[in-house]
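Listed below are the structures to be examined.
Two complexes come next, and they have one chain in common, subunit A, joined by subunit B in the first and subunit C in the second.
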Partner chain A sequence: MKLKILFFGILSEAAGKQEMILNDISDSETLQNHLTSLIPGLKDYTFRMAINQEFIDGNRTLKDGDVVAMMPPFAGG
Partner chain B sequence: MLSNEENIYYSRHLLLQEIGEQGQLKLKDASVLIVGAGGLGCPVLSYLTGAGVGHIGILDADLVEKTNLHRQFLFGISKIGQPKTEAVINHLQDLNPHISFTEHFLRLRPKNAIDIIKNYEIVIDATDNFPTRYLINDACVILDKPFVSGSIDRFQGQISVFNYVDYAGTKGPTYRCLFPVPPSPETAPDCSQNGVLGVLPGIIGNLQASEVIKMITGAGSVLNGKVLVVDTLRSSFYSFALKRNENAVEQAMKLKGNIINFDYDDFCQSTLSYNIKQISSQELSKKLISQDTIQLIDIRENGRLDYIEGSINIPRSGLDKNISHIKRDIPVVIYCDLGTNSLITTKFLTDLGFDNVYNLTGGIEAWKNLNEKKSE
Partner chain C sequence: MKKKVNDMPGKSYFIQGSIKPQFIAEQITKHNTKYNIGAHSIFLGQVRADEIDNKKVAEIEYFTYEDMANKEIAKVRESAFAKWPLSCLHIYHSNGPVKTGEISLFVFVSAGHRTECLEAVHQIVEDIKHKVPIWKKEIMEDGSAYWVK
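Coming up: the complex of A and B.
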């Protein structure tokens, strides 16, 4: 199974890219741990995770084709 | 009733079935507070004035700076150094003489937020910092007011209508439901550190104004329970569903009657994980009275009137070129408006090997507060 990860705001700087494809990750908690190991310093950022354009709380099962967005708060105005 | 003049002025609105005379009269009766007359505030203010919102409050403590002009079109070169609130009202009164404006030339603080916000039906968050974003959220939750949130980061923006009650009487999510905990300042830089595409606040501010008009007139549906994210680089709009989180709402509600004692600056710095030195206004005041040698550096852009006596102004944008002017053997105190940008600069200098650098916590605002208390 394939997942598409979209990074927003400063998280795309931290990740060094706007999006990435990851394979075979079963749930959102595993995904978060995997991203934390891929992206140095990610644990210091505040962000919300959304699956298929819905912000999630707690752990969620992921399925093939899911789009996961990593959304930090924006400061500017 | 609309006057003949108003019928002409709003004729293009009156032609819209969704607005019409009923909607225009609702706009005329409405009162909206815009917190922040900057990148987001300028388009919001322009379009709500044009749309005929009868009473508009404008809150901002800043003066117009040259670095504002590439995106804040209510000002021009001739307005540099003027309070933004004053410059904005001069411009908007000419745009629509049917509107009454209230000027709040001050910073929104826990001690004044409730008294100001209670006079308005809808609040617009057009600010550029997290302490004020959380303060607006909490004051609106306590007062049961909806607020239209906008925020930007380089090429992207977020918009949502928070604490909105729908036709069925159900309350929508708040800013704390989206982000219960503020980011550490280092991981959430603002436009003055990170830059911003000039048209971006224009897009986001106009979307905020559009939400306000729908909330007042009842046209269409409101961006409630959803966060709209605009990405100008991808040319894409994303709408994310968001649920109300009663635990997060409770964090705001429990400040009812007590918001004045909540330190928003501290709340927004508490997640800092790195080790940098801080100094409070009280400690700094003692050191200055005992005439300790201190290098006081104001890192805000030029043109501020409220500096601390004896300080030098090295704007953050020019710091790299002026590093040699900072002595390493004398303590350095860095300050800005709220102590957020200066915190990042303090870390920057600490990382360069300056081991005697302090951030003034709460910035010039905390300093002015202390001196106001002394003179009371």
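Coming up: the complex of A and C.
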């Protein structure tokens, strides 16, 4: 299974990219751990995750084709 | 009675660059035949020339997760219509660069009376700031840039 990860705001600089593809990760907690080991700089930031444009709280199962957004605190206006 | 919110799929609340005063004036003018309206509340967000390390902000560059942001703004609209008897509610936010002194957020609330208008505009602006995935970078006069936290 394939996941698309999107990085926004300062996280895109920490990651050095705006998106990446990852395979075979079963849930959002595993994904978060995987991302922080791939990109150690992520640990320095607060962020929220959204799956397919819906905010998540707690751990969620991931499925093929999911789009996961990594979002730092919002700053609109 | 709950007013139906007509949010068309694919509608974007984002404008590339600044929101022009002329556009705001045109939006106001469009309401002059809606005779049930007795009050409008308008909030305009303007880019401020903050100073950081003795350098001034020249512009702010806005970034958004546009598809999700449009859905979140639609939810902000729905909850405002559910809470107050509003006649109209228009929201526009900038995407991309906006120079100091220019407008980056335009919230336009119309209702029969002032109380609901004033309460609603306050809540809507707070919701936009806290619930909508938008980020900004301050671009300084010397070209250096800082993400706004």
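The rule we apply is simple: the second predicted complex is superposed on the first by the 73 of 77 C-alpha atoms of A that agree within 3 Å, B and C clash if a C-alpha of one lies under 4 Å from a C-alpha of the other, contacts with A are read in each partner's own complex, and residues count from 1 in each chain.
As a working rule, contacts are C-beta pairs under 8 Å (C-beta built on N, C-alpha and C of every residue); 3 or more make two chains touch, one makes a residue touch a chain.
Since we're looking at a predicted model, the values are computed, not measured.
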Touching A:D44, do we find subunit B (first), subunit C (second), both, or neither? first
With the two structures laid over each other on chain A, which partner does A:G76 touch: subunit B (first), subunit C (second), both, or neither? both
Go through the superposed model and pick first if A:I21 touches only subunit B, second if only subunit C, both, or neither. neither
For A:D57, is the partner it touches subunit B (first), subunit C (second), both, or none of the two (neither)? first
Could you figure out whether subunit B or subunit C reaches more residues of subunit A? B
Subunit B/subunit C common contact set on subunit A: 8-10, 50, 53, 69, 71-77
List the residues on subunit C that touch subunit A in their complex, please. 45, 62-65, 67-68, 71, 93, 104-105, 125, 128-136, 147-149
Mind pulling up the subunit A residues that touch subunit C in the complex? 6, 8-10, 13, 50, 53, 69, 71-77
For the subunit A and subunit B complex, residues of the former touching the latter: 8-10, 18, 44-46, 48, 50, 53-55, 57, 69, 71-77
Touching subunit A in the complex: which residues of subunit B? 36, 38-41, 125-130, 150-154, 156-158, 178-179, 181-184, 186-191, 194, 196, 201, 227, 229, 231, 233-234, 238-243, 245, 271, 273
